[in-house]
């Protein structure tokens, strides 16, 4: 057992130097605006030009074949540098792992390089008004037609969809089949004929989501991922990565915790250190999550249901960390700014990618082996 | 709306003066020992001689017909004075309300005066090894014989039963009836023929409980409370008062919170006030519970399921308050003493008289009106 | 001793509840956020008509107060319906002016003195024709809605002066616009009064504002619980109403437990008005109300899921207000500190 | 970088687990509480035989250490099986003596100096024939099990001396007897060493003791979770296993989440041994382990109900130990403070 990071220090230094030279001095405009979206897309292109947009991917798709440890180190440097939010996040963290597992070589070649370069930005389109946590309840349909499928129905809370180029998600291809069967996983252009998108604001009013209305939107067979009817398995493969290490890298939290310690030092009245315990605790938990990440990548076997353990932990840490910052800010805690933006963002953590209630069920039943709940 | 306590100030002054003159300077030995039990019984006698053992009871049974407000004030003074624990508590708080509601005049006349004077100390005998929170699962039986009933089976975690004189609780009189039916509520002597008691220690090893083994223990009809077969209703009447205002009077918590503030002032390093929030919070919550008590007695109607709201609140306050004290004590936190004893006592709060999980179900279903859980 | 609202007080609260339920308060918030203060102003007038602001104004100055119990009853309803505007600020300002007035001899008639100020503004506050904002740095460093207020006051040390609003800061709560009134930004202000009486009046005003804010928070929390319980009974996931899941039930039960034990603290503080325990009791109430509303908002968000996270659902107005009012009029940590200081005399 | 135990380390932990599972540790605790130290002493010898104490003793002094990763692996198992005795104390004392030895020049041969002390005691610690208690006031003011220890050390400022046990204090944990070693009570003690090297060695010993205690707490927490999960699967109330209730499931899931994120902190601190980050990382681990074990104990008690509250069920030994070890070797608040001091250099 060791924590010897010296072999990756050259890589870390390269990333750090590059970021120091390239991270914009002033924050980009919010990526929830048209202007900000374009600026963030340009940033993705800049990252890609240094082969830093998707370091863990194979070289042929724009990556560097980076090891998981290198990826963790990249993320640490990225967030420590205060670099811009990743507008390509949905594609890179949710769609790409799905394609690596279920996609055809043709799909990989076609989809990944423009994703890596920021040329095509992806939005996820999973939730429906009646199917949030209960994904099996979704009702939007895909109907077989010559050479492809026609999509009908509605998706909502589609992240990035207000400005993105393409979307992906599961649809019901066989209305007769059971809840978990008869789904199909598809990619589609957001500018497609028959598709209407309506931006919707998140908690602080910023349009981070959109509603999507499908009216006979045609999708060719080439854009089906996996087999028709096996969309559930494909989607679950994606939630695995959404819940696991990839979506919320430890570097986010260690960087935020370091900033919190800085805020505490700057703001706290030394005679009034009621929040000290919470500041220290946030830092300790961020460190725990970082070390847990090293542990995870050191293990040969796949984490499996343990990704639920991570999800509960990081999502609650993220909320607690930002709540502590807002409480430290006192009367400034309600004001728009980085900490409030981070707080609003953190509040989605316990809800999306399977609510923490569902995660706790998964932990209790699949890790601890407790009996399933009584059925309704 | 007012909080005018001036009408009860003379009574408060009388109680305070009497306690100042009579509360033993040195704490009595632990009431979980034979010696301590006797000392506490003597203290009950002393209280009774001043008509202060059961102030809210009618005068004919040894009380003063005190109003609920006077009772609250009595309790405040009692705990503020650091007076001994009430060894008669199970009788006064659990059996007496049951008798007032379901008992015959003969039972009231016979049972209450020696309870008030400490001559007879009562133990409750409800739980069984297989029936803790799920009271309807109890299996100890009462079999009809001439002039009375024969008890068989086992009770456990019977508070005070190691040294008390008599016990009370529900038994199954009709094994054929459903879970909530066919119960009978009885009083019995702990020295009865056929009854074996075995003291069992609580968490800190002190023998606060006993197991009771019944082997054809005879109970005359005169010691049945309510109708045979209606023991469930009788028991529920008792749990109502156990969960409500009576068992844990606000005075306990306000006195403990004041002592906690004193401990904080005495112990806390002013430069190291990490626990300040928790100390202040305990005091605020104790005050809230006190004022909630005034609210409850100001209402015309019965609290009903709201007693569950109180029970969750005081039991969690009690644990938090004592945990804060132990944390303040640092390395002394594990040492035997008043705070540790209070902590151990507090830990039973969320468990007994219906676990807090059950209380939360009651609140959700009966107060908030949420749907019942799915059945197994 | 009768520590529950009497029939008249209950009726007052119910009347306000009915008035506000039909008044489109959420629409007024959204209009305000979009730059139109008029619906909020109309609400203000009907609240004044119902007697809300007169509760903070002494009878001698055209009001019906001070009536702290009625005030917290009203503010509970204001929070329950997410009424926008500098509500606690106006009430605190009324308290400040009335206290200065009493301190300097009522009706002395000098136009630039505290008595004149009170005479000029208190009746207008009572009748609802004056919306007043107030900053009390450092605890209340910004003047809420100073752009639409008729009078903006700031107390800087022992000086009371008017302040001209600078550039607005954006709050998470779209009903709130905050304006810095730092010493440097005060060129445009006029000095109104000075001396230890100002300091004392500002302290009293802070307590009144914090009490009003605490009551508002209990209303915010109550509404969040009500809406969430209703949602949990109708929303189905995994083939059953989500309110039948124990995790949801227990979470909402905990919110009720917290709210039920916050109301007595708020009422108790209101009854302590004028006593030496008032600051302590206000702080206890504000700390508890902030936490209870915060818990209610957290549960509302978690139980609603993404719907609760969506701007256009009105629920978000209450979730955001719970966060904003938590740090307004003193943070929970600051109020807990004050409770302990009061208790230990330190 | 391979941040998981290697095969040999895992095997070592599993071997200890098997050894202790069959060793009647709960019985040893109860015997100790009843005045019979012999079963505990026998346990100590078999642990020494398995190499546990040698991990803290340098190779030059007859040990195999210092091997901090192996040490925390062992202490996790010691906690998991509620092994009684001054375990962390002996390990910390070994660290102290080794450090003093190194500081004064090893093997200088003077009978009354630190080198001689180390030469006399370290081999005995390694082989399990010396049980050593240690007090490091103010954080560790009492000497655990001083009545049965072969050597009782106390560091008072920059003086190291032996201490004679006074009257025992009762701990909630029946496995623990605590002995005051206040300055006044030290007449019987002998001064052993003095100077800044003692102070430095005591600081290092404190970190080692706190790390061992943190690892012990993770084992205590793990055992509490294991036993409680098992109970929740078999205990039925209301016609079903209580482990099928969501309230029970979620609570136990939270315990697992906390424990899973404590282990890396403990391992990380062990790997930081000898680096400037060691104090910070030990404090992070001890604070987290105290809270995780505390949560595990709270859940164990609540899920077991009255059974968990009963002395004679062995579960209570772990519940009590979680509370005792929480405040031993520095309270969570103290350790959190230290983390923040290390981070801010203040």
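List of remarks:
In this document, chain identifiers A, B, C and D correspond to the written order of the chains, with residue numbering beginning at 1 in each.
Definition applied: a contact is a pair of C-beta atoms (placed from the backbone, for glycine too) under 8 Å apart; a residue touches a chain by one contact, two chains touch by 3 or more.
For each chain, UniProt lists the protein as follows: A, B = Acyl-CoA dehydrogenase; C, D = Putative acyl-CoA dehydrogenase FadE.
Being a predicted model, the structure only gives us computed values, none of them experimental.
Among the remaining chains, those touching subunit B (Acyl-CoA dehydrogenase) and also subunit D are A, C. For the pairs A-D and A-C, the count of C-beta pairs in contact is higher at A-D.
Here the spacing of subunit A (Acyl-CoA dehydrogenase) and subunit C, counted between their Cα centres, is 38 Å. Work out the mean CA point of subunit A (Acyl-CoA dehydrogenase) and of subunit B (Acyl-CoA dehydrogenase), and you get 52 Å between them.
Within subunit A (Acyl-CoA dehydrogenase), residues 274, 276-277, 357, 360, 373-376 each touch two or more of the remaining chains.
Within subunit C, contacts with two or more other chains are made by residues 240, 244-248, 250, 333, 336-337. A complete topology is adopted by the chain contact network, contact being made between every pair of chains. Those residues of subunit D that touch subunit A (Acyl-CoA dehydrogenase) in the complex are listed here as 1-6, 9, 69, 225, 229, 232-233, 240-241, 243-246, 248-250, 252-254, 256-257, 260-265, 267-268, 271, 284, 287-288, 333, 336-337, 339-340, 343-344, 346. On subunit C, the positions that touch subunit A (Acyl-CoA dehydrogenase) within their shared complex are 33, 138-142, 169-174, 176, 178, 237-240, 244-245, 247-248, 301-302, 305-312, 316, 319-320, 323-324, 326-328, 331-334, 336-337. Within the complex formed with subunit B (Acyl-CoA dehydrogenase), the subunit A (Acyl-CoA dehydrogenase) residues making contact are 273-274, 276-277, 373-376.
Interface residues of subunit C, counted against subunit D in their complex, comprise 245-247, 250. By the touch criterion given at the top, residues 127, 132-134, 137, 156-157, 200-206, 209, 272, 274-275, 326-327, 329-336, 340, 344, 347-348, 350-352, 355-357, 360, 375-376 of subunit B (Acyl-CoA dehydrogenase) touch subunit D in their complex.
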